[in-house]
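Next, two complexes with chain A in common: one pairs it with chain B, the other with chain C.
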Partner chain A sequence: MSANRWLATGNFFSTYQEEQRIFFTHSDRTIFSIFLVLIFVWPILFPLSNKYMLVIDNTLIAIIAIIGLNLLTGFAGLISIGHAAFVGIGAYTIASFCTLIGEDHMLITHAWPLLILISGGVGAFFGAIVGLPAMRLKHLYLAIATLSFQMIFIWTIQFMDFFNQGQTISVGRVYWIFGKVSRDQHYLFWYYAILVFIVVLGFMVRNLLRTKYGRCLTAVRDNDRAADAMGMHPGFTKVYAFGLAGFMAGIAGALHAYLYRGVGFESFTLNESITYLAMAIVGGLGTLPGSFLGPAAIKALDLLVEYFAANVASLMPSSQDVATGLRPLVFGLVIVLFLMFEPRGIANWWRIVRSYFKLWPFRY
Partner chain B sequence: MKKGKKFLVVVFLTLIACAFLLNACAKKEEEKEGVVYKLGLSLAITGPTSDAGNPYSKGVEDYFNYVNDTKMLGNDTIECIIKDDQYKTDITKRNFEDFLSNGIVLYLNYSTGSTLALKKDFDEEKIPTIPASFHAGNLVDSSYIFLPIASYSEQTVGLAEYVVNNHQGDMAKVAMFIHPSAFGRGPVEDLQKAVEAGLKMDIIEVVEHGKDLDNTAMLQRLLSKNVQYVICHTVQSPVATLLTDAERLGIAAKSFGESGKLTFLGVHYTGGNDLIALAGAASESFLWTTSYVLTSEPGKWTDKQLDLAKKYNRDDKTANSHNYTNGIMVAQVAAEVILRAKDKGLEITRDNLYKELLAMNGGNAFEPGSTVGPVTYSETDRAGVDQLQLYVVKDGVFTAVGSTFQSEYIKKIK
Partner chain C sequence: MTYFFQLVVSGIVVGSIYALSALGFVLIYKSSRVLNIAHGQIIAAGAFITYALTVWAGIPIYISFVLSMIITFFLAMSVERIFLRRLIGEPIISVIMVTIGLMSILDGLIYLTPFGAENFSFPKFLPNTPILFGGVSISWTQLVGVIITILMIIGFSWFFKKSTMGISMRAVSDDQLASMSVGISVPKVFGLAWATAGLSAAAAGTILGNITGLNFDTLHAFGIIVFPVVILGGLDSVLGAVVAGIIMGLIQQFAKGYLDGNFGLYGTGQVLPYIILLVILLFKPHGLFGIHEIERV
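On to the complex of A and B.
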């Protein structure tokens, strides 16, 4: 271990435990703590309009979903193109409670943290069920199995009266220690609530990856036969990877239901599943920072392209159709170019920046 | 002077020039002196249903430009922020929040899904909202949504009444061909209620269409069940496929109720010139109802609409689209309530516009000209135009059939 715990240049690990630490230096821990304080404090110092708070809350929810997808696709190597359906399971768990006991029932409005966790549990259950074919299927075949689940989910929601045939099911306003959360406070309140979930789940996943269960995921991804020979259970690992992804997605879905105060099928379609996959890939598969950077980048890009289209339309009103049509085109093009020139995702940039500071003042 | 320095000086001077220019523009704006009333419209300019959304947005945009250009509100102007939501509710919600932070006094929404999803927000914000969706469910548990014309349910039941009144022989056998969504399913229950209330017809089957490119099997099945009438409630393209297939199979009725064949009827979003363009000759004899005046029926209003489209450089397709009329009509209602509130010396606020909308009845009913009847709203009636007009495709254009009508059974089942 380096003598200086504040500015350790390079790697100085003498035990496995040292390598498994969450923070390698005091600087890392301090910077992270300051960052954590900042993300909790900035909305009070620089209040944003509801539109931007909604975008930020939505991005944070996507981060939770992508942490799950990254565990599944990035760490365990199991492709899922039905992740939006798992998010939908979480959202529809809340919607089901609303249908059964009423949207303004105390359980919905007061015990919302419990319901969010229950939604995670339901997501995990369905994840594990969908994960069962993963014991027999691999690669594209598994992708098709998850696609089927996505189709079944949408079909079920759209045709069952219980789910209002996909029409919006309203969710009541929640309460917390200071009373009912008003419309003015709504987005700020959910910013903090989602942030707490992200911090807790982020640490959980970081810790998981340090344990044998986390290493199992990577081992099965790299070579499941070798993992089997080393005493791991590839089948169980795959099912539990799906369960974990389902849990995260379920939490994200429940938060989505509360944030939007309603659940409709449109937010959980195949289109959304592909967007989630794009977020995970752009962020960087198999990296925890990638789960944060991917959703942030994609949502920011979406907003930027929207501004671009709006500005083109305002400068040339007659070409408004072209400008709005350009939006998906520019969006797609940026992602394709990004994947061509940085296939390891934004997390790689993060790695390069960290390495630079880690080695500083040396160049290599 | 070195090249770099020269470049910096040029950039610096350009920035100063731009700042002066912007300042001058801002002053010019201030000189206008009028009040700007902000409105918001979120709709599908791209993505699903943009074939309807696109001309609709142009109708709204053109009419507000017309209001401002002709100084209908004096020096005051209307600024309607139009944003594309790609038919996605999440984006609609984002746009709505953006509009609110911009201080809008009236909101124009579009799809059924997003109207239902944002219903509570409209109530909490107490903002009068006029959607392009005529779904009757929009009005349930909501006080601030105002439908421009009769609901889909009213149109469907109205068509069914027309079938019953003009059908010859035993009980009329009807099938429904609907969009697989809240928008499509809305009127099914109401039509069933009308049948239970005494409307003498049999609903043989309700078909939710998918993305089928061929309806042969479905059409043959309907025929085998002795279905004679198909009431469609969806968008134009599936109806065009349906009509084309029926024509190819030789089972499309050439006149209303032709025995052994199928007579097709449809509500607002199934018809219009786009249907004729898509289905061609197969659209002949298709019966369609809406509350809008069509440019294929020349009159005082249609000249005005075509002039408006010409003034703002719209193509013929847009100028003749009933969705363009639809957008104009919604803008007319919005401009009218602002004008009425202004004439009374009231401040233009959400609350005052809401009250003006509710007072739009009796002697205060609004005659926009773009519709076949007056726009009326009250505490108990938040569907604008109650009159419906039946049109039929004759020689490639929609022609009015008889005079306007209102559904009788819809009142019984309410």
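On to the complex of A and C.
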């Protein structure tokens, strides 16, 4: 039976190859292409002020980090309470280059895509080191290993003079083919740069997840003994998952360093790690769309919390900023409520909406 | 040599508080296999409740200490009842993430109270003059703290060895199905484990608060150091928690005393436990006294 390649109301796969396709129908591909064009075009049609552009850039960076965390926690089933530290490794790789060769060196301003990839590599290396106990242990212990990595990272940054003891290390402005990226263009430029990274990495991960090297993660998560019997090495697979997560986090961190034109320790604390975890959980663990929806949802929530905190600040007895207390409270509640009532996250709502339109008008 | 013994004394003081707080952590892990990431926040909450009762409500500290333990007992029990009871049977990974969420919630709640930002110290109720043993000094607060800690640890071990409730808790940690079949209510035991952990956490928090003063960041850092302690002792061993707590206290004090300021290092006491944790996870993952049941993967 030749399936309709434009409208498919069900699954008519007859080969595994068909099942592993990225786009099931032509309409999926068309809609996705239009969407891709739209996200590249809208900033030119409706220019936003730098303030909002920064929020959007931040969300995009978080998406890269969450793709990594989702590979680790969602697909490989290993909790990481130290993801912000991995992001920090990426950022501090850029910062180390700046300290070593000067922040306006050619390498930093012109060869920044290369440096970002190098940061990813460094992140992957540290990720694999933290993942090493996985050779002997199950996931419970790994959560503690990542937590202790977080503590060691923060201590190292605050201790070493090389890292300016956690004070800001500035990063130079980058050059593009049009010359130096100016102050007004900075956030717009990085919007496109980060977007390109997301699209490339997104396709990479989507492809990875349908090959042997991605499916082994899920296999080890679901049953490591069965995976062992199938010829995978569960320990190596877990270390590899940590490496992948570290790579994504490293790239996110390097982009963060370039976007803010500086690196300080306060963006990589334990609270940030928990925020990342909240993003992954809210988005939906073990789903790729979740890695995109989660950061967007949490960043939107963050804006709401800040707005709310600014309004109630006068009513609270606390002498400090209400947002510092409200933020962990809200994020913690979001984590707990999603785990209790919607463990599959927003990605599940997305799936329901999609299948509604896919099956329309034959809903049952 | 006096310096050495001074460090030993302060190490034992700090270590015994570590032991007490690690005890609660191990209790929860032993009975329900849940890593309670929020344990440090419960410790902080216990300390702050004692302070609020003592200073703001004007209750004598002996009574407010006991009251705080009772309040935290029920607080932890209700946490278990509200958040964790309905997750029984869910994958353990989501239960652990719920405790991470709980940690964040409690953090937020504490930040919203005055305790989040300011430093407080308990009113002095013991003599100010330290006791001297041939040059080694120990303050009355420390001495009383250690004595209370030791008494509580003895009390807990009596509870597990002799009382029916304690024996049923050990039974559940051994085999849940078998203990269900002899009529032990497993959810009730989980609740009790959390409640007992809350009680010991409040005691640890109050004693620590009396010795070092109340600062949320300090208590927070203290709560996270429980992890290296329990990993060193073996996650499911009460004896291990006590021994490892004292070892960790000694290591920390020696690091502070001998490493800080000597090789251009400082703050080593804060980071050494975590380095030890990573090394132990790599080479001796079941800790000193843990059961060798960890599966190699």
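One rule holds for everything that comes next: the second predicted complex is superposed on the first by the 328 of 364 C-alpha atoms of A that agree within 3 Å, B and C clash if a C-alpha of one lies under 4 Å from a C-alpha of the other, contacts with A are read in each partner's own complex, and residues count from 1 in each chain.
Convention: a contact is a pair of C-beta atoms (placed from the backbone, for glycine too) under 8 Å apart; a residue touches a chain by one contact, two chains touch by 3 or more.
Treat the numbers as computed from the prediction; the structure is a model and nothing was measured.
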Which superposed partner A:L140 touches (first chain B, second chain C, both, neither): second
Contact breadth on chain A, by residue count: chain C or chain B: C
Contacts of A:F32 with chain B and chain C, given as first, second, both or neither: neither
First, second, both or neither for A:Q165, with chain B first and chain C second: first
Partner chain(s) touched by A:P328 [first = chain B, second = chain C, both, neither]: both
First, second, both or neither for A:K51, with chain B first and chain C second: first
Chain B versus chain C as contact partner of A:Y356, first or second or both or neither: neither
Set of chain A residues, in rising order, touched by both chain B and chain C: 158, 318, 320, 324-325, 327-328
Partner chain B, residues of chain A touching it in the complex: 49-51, 54-55, 58, 158, 165-168, 170, 183, 260-262, 264, 266-267, 309-310, 318, 320-321, 324-325, 327-328
Interface residues, chain A side, partner chain C - complex: 73, 77, 79, 81, 130, 132-141, 143-145, 147-149, 151-152, 155-156, 158-159, 224, 228, 234-235, 238, 270-271, 274, 277-278, 281, 316-320, 322, 324-336, 339-340, 343
Residue ranges of chain C touching chain A (in the complex, touch as defined): 35, 37, 83, 86-87, 90, 92-94, 96-98, 100-114, 116-118, 224, 227-228, 231, 235, 265-267, 270-271, 274-275, 277-278, 281-282, 285, 294-297
Residue numbers on chain B that touch chain A, as the complex places them: 45-46, 54, 83-84, 86, 88-90, 93-94, 97-98, 100-101, 113, 116-117, 119-121, 124-125, 137, 180-182, 185, 313
